[in-house]
Every structure is written in C-alpha cells, then in structure tokens.
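After this come two complexes, each holding chain A, first together with chain B and then together with chain C.
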Partner chain A sequence: MKNKKKVSFPHLGNYWVAIEFLVKNALDADYIIPPPITKKTLELGSMHSPEFVCSPFKYNLGNYIEALEAGANTLIQTGGVCRLGYYGELHEQILKDLGYDFIFINLAKVSYRKPYTLFSDFKKINPRLSISKLTNYMSLMIRMVKIIDKVEGFIRENVGFEVVSGSFDKLLKEFLEALRKVKNKKDINEIYYDYYKQFKAIKIKKPKKPLKVGIIGEYYTIMEPFSNRYLEKELAKKGMIITRTMNISNSLFLRREKDVKTKIKGYLQYDIGATGMDTISEALRLAKEGYDGLIHVKSFGCMPEVDAIPVLQNISNDYKIPILYLSFDTQTSETGIKTRLEAFYDMIVMRKEKK
Partner chain B sequence: MKKAYLGVDVGSISTKGVIIDKNNKILAEAYLWTEGNPIGTVKRLISELANQFDQKRYKVVGVGTTGSARKLTGVILDANVVKNEITAHAIGTISLYPEVRTIFEIGGQDSKIILIEDGIVVDYAMNTLCAAGTGAFLTSQARRLGIDVEEFGPLALQSNNPTNIAARCAVFAESDLVHKIQIGHRREDIVAGLCKAVVTNYLNNVGKGKKIKPPIVFQGGVSKNIGVIKAFSDVTNEEIIVDHNSHLMGALGVAILAKKAKLEKDFNFDINDIEFETRGVECKKCANNCEIICVFKDGYLIDSWGNRCENGAIKIKEQS
Partner chain C sequence: MKIGIPRAFLYYKYRYLWETFFHELGCEIVLSPETNRQIVKDGINYAMDESCLSSKIYLGHVHYLIDKCDYILVPRIANFGLGEVVCTKFQAAYDVIANTFRDQNIKILNYNIDHRKKQTEFKAFMKMGKELNKRKFEIIRAYFMAKQAEKTYFQLELKKQQELLKRDSELKVLIVSHAYNIYDKFVGEPIVKYLEKLDCTIIIGEISPKQEAKREAKEMSPTLPWTYNKELLGAIKLYQKQVDGIVLMSSFPCGPDSLVNEMIIRKIKGKPILNLVLDEQEGNVGMETRLESFVDIIKLKKDVVNEKQKES
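What follows is the complex of A and B.
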C-alpha cells in the first residue's frame, strides 16, 4: 500500500517491542524503530532543543529526527504530569520548523475522562480502526509490557552473579526477538513461560548475603540505559542485586496513588509531581527492607526529583542508609560516574563488613 | 631488606606520591604539577621519590594509584591496586586521625565530603557538573587579581569585612567579583570574600543535607589556603584540622591499600628510559564513535579502554 503510515515513537529501554506490536496490529501501519540511541542522537536532539530543557526532551527529539530520516511519517508523543506534558507541542513545532513533513499524534491532548479522544487520535492513523480492535490490542500490549518488566526485573537481581559473562544479555536479545513475532495472547504467554524458565536456568553464583542496591528516581533517565550511562550494568558487574521497581507496569498499570500517599505519611503530605512520590515511597520501602544503599537518578534540573531530595535525606538519616545522588544531562563521559559508583561500592562493602 | 609501598595520586592539577614502610611511615614524598602531561609527570615523580629513600634498606613491593588519571598511571606503573580517590582519601586520613568524623576535601577540579563513623565511610558526596568552589576557580581568580595563589590566604586574613560574592556558579561569581572590584571594594576584602564563597558553595552543594560532626579534617590542595581554613571554621564553629601532609592523603591512602592487597611484586624504578605513548582512535563501528585510548610501552600495545561495547574491544597481542 502506497500511503501506509510509517509510525515511530521515541526509545525507552526495550518497550519499543510492545509499541511496535500495537502499531503493526491495531493501527495497520509500519513501525519505524528509531535507530539505537548513540552520541549522535543526543547531539542532534541537543542542537535543536532549548538549552535548559530536561535531557529526556533532547533524547526524544534526537529519536524523532533519526526516525524521520529513516522514513517515518507519523510520530507519537505521550503526555505526563511534569514538563513531559509540554514535550509534544514543542517537539512538533521544532520538527516543523526544521522542515519535516509528518503527522503528529500528541497524546497529551487526550482527555482521560473521555477515552474516546484517544480512539479518535489513533483513527487518524488507521481510519478503519474499531474500538474493540483497539482495546483488544491495547490489553495485549499491556500484557507484553508486564512480561518485559518481569523479565528485566529478574535479570537485574541476577545478572551480577552470572557464571558466564553475557549470558543474560544474550538471552534477553533472543527473548525480545521472539516477542516481536507474537500474534495473540497465547503466543505472548507461551514465550513468557518458556523464556522465564530459560532465564531461571542460567547458571549463577550468588553469595549467601549479597549486597543489595536500589535504584530510584525520574521516569525516563531511570528506564533508558543510554541516558544513565548503563548505570545498572556497571553496578551489577561488581556483583550485587539491583532492584528498580520504577517501570511502565508499576507506574502506569499497577500504581495506586492512594496507597503511595499512605505509605509515605510523615515524610511527604502532598504530590510533588511526576515520579517524586514513587521515588520517596520506594526509598522508604527499600530502607525498611535493609538494603545496603540507594542510588537516586534524575535528569539535571528535574523539579519533582529535586523536590524529593530533602525527603530522601531524611529517610537516609532515619534508616542510616547511604544514598548517592546522580544528575545526568548531555555529558557522555563515563569516567565521573564510574568514580562515584566505585566509591559507593567500596563504602557499602565496608559498611557491610562492619555489621 | 624491609618492605615498602608506593602510592601515586595523579589529579587534574597536581601529582602526588609517597613511599611508606609497613607502619605507614612516610619514607619519601613528592608533589608536582601535572601540567596536562600525566605520563611525563609520573616519570619525574618516580625519579624524585627514588632519590629520597634508602634503596639498600627498603624495597618497594606494592604500588597503588588513585586520582583522575589512576587507570593510565596504574598501567604504566603496573600497579596492584587502582582505587578511586574518595576511598583512597578516606583510608589515608583515617590512618592518621582514627577519630575523624568528617573530611572536607577540595582539590583542583573536584570537591568531596566524606562522613565517617567508627573508622568506616558511611556517606559521601562529590561535586557534579560544575567546578565552582574548587582550586581551579581560586587560581583563576587570583590571576585576575594579579596575586599568587600562595599569597591568597595571608591576604584574606587581613580583611575585617569580607565582600559578599555570589558563589552559586563560577561564571556568576566572576562577574560579581568584577563588579565589586570596580565599585571600590578593597583587595583583601575581595580575597577574603572569595575564600568565604568557596566555603559557602561547598557547604551548600557538596555538603547539602549532610550532618557535619567534629573532628573535621580538611585536605586537598585548597587546604593549604589559610583564608579558606578560617572561613570553614567561622561557618562551622568547629576546629578545622589540617595535617601538614594534607595534600598527600590520597597517595598515602592508596599506598596503604597496596600494602593491604598482599599481592607483592618488586617495583622497578627505572621507568625513565621506557617510552610510554597513548594514542586515541575513533572506533567508527557505530554512531557512538567511542574514542578508544591505546597505551603503548616501547611500541607494544599494553592496554586499551574507552569502548562502550564489545565491537570496539581491541585485542592485545601477546608479547614475545
């Protein structure tokens, strides 16, 4: 078909697999996977972004430009409860000013009280889309996201102890490729059970009381490994359990705001926007569980996370848990991060030996 | 023959080295400017240290490196310990001041705070993104005022009325400073104000949210500046301990770690005649264009780093 839409959405970890599934099946369109994020993506994004905008905006813009160059003609942006809510309008304007021709679907304009508006947005891509088709594939996509999150959560807790280095990474790639081929719910479940078994069968050597570190912080930077200089991998290599519950399943599909508020009573009374409350609630949970340390990750200048820091310092003092604060922007040198992570590792090892 | 251990700390501005015996006593020490040439400076450092101690009585059997050039220096000296500067500084200071609770460290390009309980590091922070309030900032402002940075401290002490200088950012501080000079503030007041600005910046950024408890030990190159020491004790209302070897703590710490590592091998001081060379190559296998640094010893590739993935890994040929 000549005028088949070529849709693209910015990268966020490995979720492109689920988005590709939705676009191909529900929207009957091609999906252009943005080229993998590299330094060039970030350079392109920064060049055309306002200087002081948060770095996820720059990454997203870089993805759009590279996707457009790769043939995309329809771009999607999501909404959010911080500056993210304004990304779409600005991205669209900047890309139009650069002379690109495309359709822009800005989900920030969708009213969640009127789900029909979401449907009519997607109808712009596929005029023959029916509500039942959309809801059916949406629920399958959600299922996919959930199993990606489950698998990745398992990897984070075990990859630091793999006997053959690279075994988890290799299987993850296979798993994602297999997931790209699914057609229905049965396929998705089969792949999940099959691969989860395989992941569990990977040989690991875990000490009796391994070090446990939690990663908390801002939505994008925590989930997109390029933007946090592969922090989780870098840490896991030192041989520890990494826990990070901030992911799409827990923030979009399973989050219950009231629960979060009750859990952090005494530390925070009101919503500080975006992921701020979740950061605090997760820090508190891991501190209570006796984790050896926490790493707080954010893009430079992220207001909700900046606001969360004083509360984190209180938790750190109350529970005697060290917290390392890292801000990321467009710098790509890993040396500074490595120095801080090494020192953090030395510190929690020494603390543990003392106990 | 008694055993000795070498610790080398190569920072952005200065390169420090010590040789210690098994009781952590310093047998030799040296302090040189790095001047953008870590390899050459390390060579000079090693020959200075070699001349300072009795090579007939002591034999160096362990080498540790730290500082921002620790990896490169570690390869050149074939070190058995390569350690980040935060851990090294803490270990060095604790060996001299077992009771220490807080370490203030301000170096050429970075600053850190280390909190200690019962001889164990329990928390730390290091400056990110910006070098405001570090040695490099003071040096550049001294140059603007036409003062040697060594005269800075004594001049600051002459002031009774330090000028307020915005310390949030090096660029803002500089324009604030220029304005205050031009409207007639006295030089000693400006200098004292700068010392205060460094301290405020440090406590507001690096020290934010940290509980500062005495004894406090202050170290790093800037700890030689008596104006900054005074500003610290004014703001914290505590005694600020500065060791006369406060600039050597990183080197001392990493020498101690080399001793503890128990991997002994004899160190050869004759590295002056060995040709070390580094070459940067762009990988070009993807758009990341990782710059891979290759280190050559007398023409042979001995190590490489800088690649983000396996595609950029450079295989090292076995030397015949």
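What follows is the complex of A and C.
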C-alpha cells in the first residue's frame, strides 16, 4: 500500500465530504482536502492564471497548488458546458509548466457516448477497481450530496431566525464530521434522519411574514461561500428566508430539462448556455411566489449569466420584483458587498412595509 | 421584403452564405454600415457592462437596423455536434436581442443551428425560407446557390493568402483573431492598417483550410470545445513556419480567448507572440507603441536568421 495515490479535487462548498468518501472507498486512495480557501489561495491562483479568465478558474488553480504542496499527486477536474469544459487542459498545462509532478484526471475527456472511458480514468487511480464497486459508491456519493443539499437548504430557510447565534453552524460542522465516518447506505441514512431531527429542534423565532430572498446565478460562485464573500451568512444576519435552488443535486441529478423549458416560456426561446436557463426559470418561479427580492450572483464576465441579465431585467419589470446584481472577481471586497446588501435590504424592507 | 443584417459578429463568418441566400430568394438586404463611433456608443448603451466588446458592437448594429427593414436577421448557433460548440454569446444571441429590444417591437428573422438536437444548417435555412413565405423548391435552390458561393469565395480568399505566404522577403505577421474582430472597422482594421504601415504583410488566421485546421487543433489541444477557436488554433499550426510573428487579437473580456490565448502562448514556441486585448477605450497610442516594438523584435529576429543563412 506504499504507493497509494493521494487524490485532490478543488473546493466547492461542503461537497468535499462526498468526494472524500468516493475517493477513499471506491478508489482506495487517500484524499487530500485542499486547505480551506483563503486570500492566499486566490492570490496563488490569480498569479498563474490568464488575467481575464473567470474567477472560478483562479480559485481551482489555487486549490490545486495548495493541495500539491500538501502532498497530493493526483488531481481531478470535471468537464462542463461553458469555459469550464476547457479548464482542465489549461490547469494541467499551467501546473506542469510550474514544474509539479502529478497525474491529472480530466473528466472533460470522458465521452458521453462512451461512459466506459470514465471508468478507465478512475482505474488509473485504482487498478483493481470494478465497475460494480464504482457504481455502488457513486450512487452512495450521490445520496450523500443529496442529503448535504437538503440539510443546507433547511439551514438557509431558518438560520436567519436562530435564537442562539451560531447554533446551526455548529451543528452543521458536527453533521459533516459524522458524515465523514460513514461506510454504507445505512449509515448515511441514519445520520441524515438523526441530524435532520436535531436541526429541526434548533430554537428559532420566525415572524409571521418573514422577508424572503432568492439567490440565483452561476454555478461556482453561488455554491462556494468564499467566492461570494459569504453572502448567505450576511443575509442571514438580517433575519430572512433565503432560497437557493441551484446546487449539485438540483442541477445534476434532479434536473428535468423539459420542466425548465416550459417554465421559461415567454422569456427565453432557447437554452442560452450553462446555467443561464436555470437562472431564468428560478427567477420566474420565485417572482411568481411573491419573493421580496432576488440576488443574482456570478463571477465577473461569466458569459451565460451576463446574457441572462437582460431577461432578468424584463422579469423584474413585469413582476415588480427587485433584483440585485452582484459580480465577483478576485478584487471584490467584502465591505463593498456588505454595503450593497445593506442598501438592498433597506429597500426591500421598505417595499414590504408599504404593502 | 427587406432583410436587415447587422454588420457584426457572425456576419463576417457567413456573409457570402447569407447575402447569396437572400438575394436568390429575391429579398432586399439592408446592411448596417461599418462600425462607427455612434454604433459603438449605442451598443455600449444597450449592452451589459461585462459583455465583450464584440457583442456590444453587435447590439449597436441591431439598434441601427430598427425601423429600417421588415426583419432583422439574428441567428442562434449552439453547436455543430458533440465537442463542437460555439461561444455562448451565439447560443444566447436571439434571446438577448429579443429581451433587450422587447419594447421596440422588432421582428427577428431567426435560424437555429443545434446539431445535437438535429437542427442542421440546411433545416434551419428551410425554416427561415418558409417564414419568408417562399416555396420549398425556391429555398432549396437558394440554399445550395449560397453554399456554392460561400465555397467559391473561401477558395478565392485562401488562394490569395497563399500567394502572400510565398513572398519570402517581406515581414509576415499572422493575426489570430475572430472574423468579427479582425474585419471590423473599429476593432481590427486600425491594427491591420498600422501593421501594414510598418511594412508587414498580414496573414489572416481566419482564412485557412478549415477542416485541416480543426484536425491540427484537435491534436494540439484535445478538449478544446469551441469550433471557431479550433479553426484559429489550427491555422497557427499551419502557418507558423511561414510567418515571422503572431499577433493574438481579442476583444475584452472574450471568454473562449481568455483560456485559448494562454494555451497558445504556452504551447507555440519559436515565434514571437503579441497578445492584444481590445476594449472600447479611445486612443490607440499605447497600442501603436506595442505594435512598433513587436515589429522591431521580429525584424531583428528575421535579420539574424538571414545572416546565418548567408554565412552557411
């Protein structure tokens, strides 16, 4: 077991728990959790990235460098339908040019027509991997992602009203630690039911008609809290229900393209690329449900999300729902975001009182 | 029937196809003028801040055509099959225009290419012809005439360029840039003109045997998803031995180019490369200085090589 691979994958919210599970169990390898994202991560990533690439590229690169320094020797990157589809090849090139020695598993090379290529990629990490083992652990990983999403969704709706500040956060940390120890489906389910009960038992004080705000937008920036300067935490401090449907389960495992397509009628004729269509369908849903405001989140220059904005502006006019547009790049300051959120909050409170 | 065509974006890739097609169908074409200050200004006005310069210019051209024609042509192109996608700007073009100019009641003539959903160019043009109330036979005929014209023009351009490549004594610069940038009066033309003033022969990356270029690109960069960028990357491979320097010219902040240019700089060795990113800022004094020093470098390099050849 001496040459056990040391695998790493860039951070995205709390999903590292599920990835660690898959790597450890299916791939029989160690998982190097990238050090938590800090300013230094971003600086490292930016330094070696092309200047006007979208910021998720820079975060990912920073994660890779820090993981390699922490001992990782096998890196994974996914494919995707926007610039993400080309991230992997360039990440690999940049890291090789920096002189690092590693194996790079680029899932963008996996052909949809030949799912078997995915398997052979993972076999590079664990030569004794069998298809049944991989599919078994994949399905468990998916289950894990789903319960993380469910728990986090529940937190988002309630954390703004907690009586003892920090109680949700503390329990979330415990929940994730517990989840790291699971071995099988039974464990996962037990932990889910157990903790869900505990989350529900946390004392909250919700007003009769609480403020409701939806967060929509681009994949990475919406899910990685450092990259959106802890937007959700800031909002929670103000005491409101936060809804964010965009997560891994809803975008990868539960998404029904037909549903999305029927919802966007009147505003979009076509799929405008990547998450653009989902942003629009979610904005419409929340507008119709009478949300008090929406916050559109993206990394600077994100092509599909920039193209979603003229559509969002029309929705905002038609449904009289305020939308705050936030664009994050490497320079975005936390204070700047706070000020804009403050102003937005005051405005939607005033509107609600008028009603 | 007047069809308005914005002289921007995909016009520069499909002008022969479009113009012949509508001409053969007996439609009148209203082409927006070459990009000028006013068009850029209007485009910036309508576009989102973070859109690329080229798409801002596109909106300016669409705005110009409003009330000057019966239809404005705004195609939507998503992909030419698996692994052959285009920038999401082209995927979203129809919806962006429809939403941006919603209150102006514009009539859009649209065609949709999405091979993964079995929407080919031929099908798309058939639908477009029907929208214009033309008979099936007429449309088919116009389409094939247009394809033929397109092919002829491409071959002509390619032949011209090959002549240029043969001129040994001159300083040759390959400009790698999307068609809608290099041919645009506001974006690419000043650069081309200035390089010509510095006695450079301009080789245009956009003009290449496309299939061959794409094969080369696939070898160099297997996961590169964008078809138009593949054509350009492959062209570098095809032309690099015959030119003295390479200029990469992108509009700020072009998504695909932001990654691909970096890859090019890292992979193409042995030829000086200048990476130009153009935005809507006025004044190109800085640009001229950069071009001048770039030309100085490639001149120097060429002289050194020539000296060596003489010696041996």
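Before moving on, here are some points about what is shown:
Following the convention adopted for this analysis, the second predicted complex is superposed on the first by the 354 of 355 C-alpha atoms of A that agree within 3 Å, B and C clash if a C-alpha of one lies under 4 Å from a C-alpha of the other, contacts with A are read in each partner's own complex, and residues count from 1 in each chain.
Convention: a contact is a pair of C-beta atoms (placed from the backbone, for glycine too) under 8 Å apart; a residue touches a chain by one contact, two chains touch by 3 or more.
Computed from a prediction, not measured in an experiment: that's the story for all the values here.
Of the two partner chains, chain B is the only one touched by A:A343; chain C is not. Look at A:S316: by the touch rule set out above, it reaches chain B but stays clear of chain C. Greater residue coverage of chain A by touch, when chain B is weighed against chain C, goes to C. Touch criterion not met for A:D28: it reaches neither chain B nor chain C.
Once chain A of one complex is fitted onto chain A of the other, the partner contacts of A:E234 are absent, as it touches neither chain B nor chain C.
When the shared chain is aligned, chain B comes close enough to touch A:K39, but chain C does not.
When both complexes are overlaid on chain A, the residue A:G276 reaches chain C alone and has no touch with chain B. Of the two partner chains, chain B and chain C are each touched by A:S327.
Shared-chain residue A:D187: touches no atom of chain B or chain C. In the superposed pair of complexes, A:D121 makes contact with neither chain B nor chain C.
Residue overlap on chain A between its contacts with chain B in one complex and with chain C in the other: 300, 309-310, 313, 327. Taken in their complex, chain B has these residues touching chain A: 68, 83-87, 118, 120-126, 128-129, 208-209, 211, 286-289, 308.
Listing the residues of chain A that touch chain B in their complex gives 35-36, 38-41, 230, 300, 309-310, 313, 316-317, 320, 322, 325-327, 329, 331, 334-336, 339-340, 342-344, 346-347, 350-351, 354. Here chain A touches chain C in the complex through residues 49-54, 57, 79, 81-83, 85-90, 93-94, 97, 106, 108-109, 111-113, 267-274, 276, 300-304, 306-307, 309-311, 313-314, 327, going by the rule given at the top.
Contacts from chain C toward chain A in the complex involve residues 48, 50-51, 76, 78, 82, 85, 87-89, 91-92, 94-96, 98-100, 102, 110, 112, 221-226, 252-253, 255-256, 258-263, 266-267, 277.
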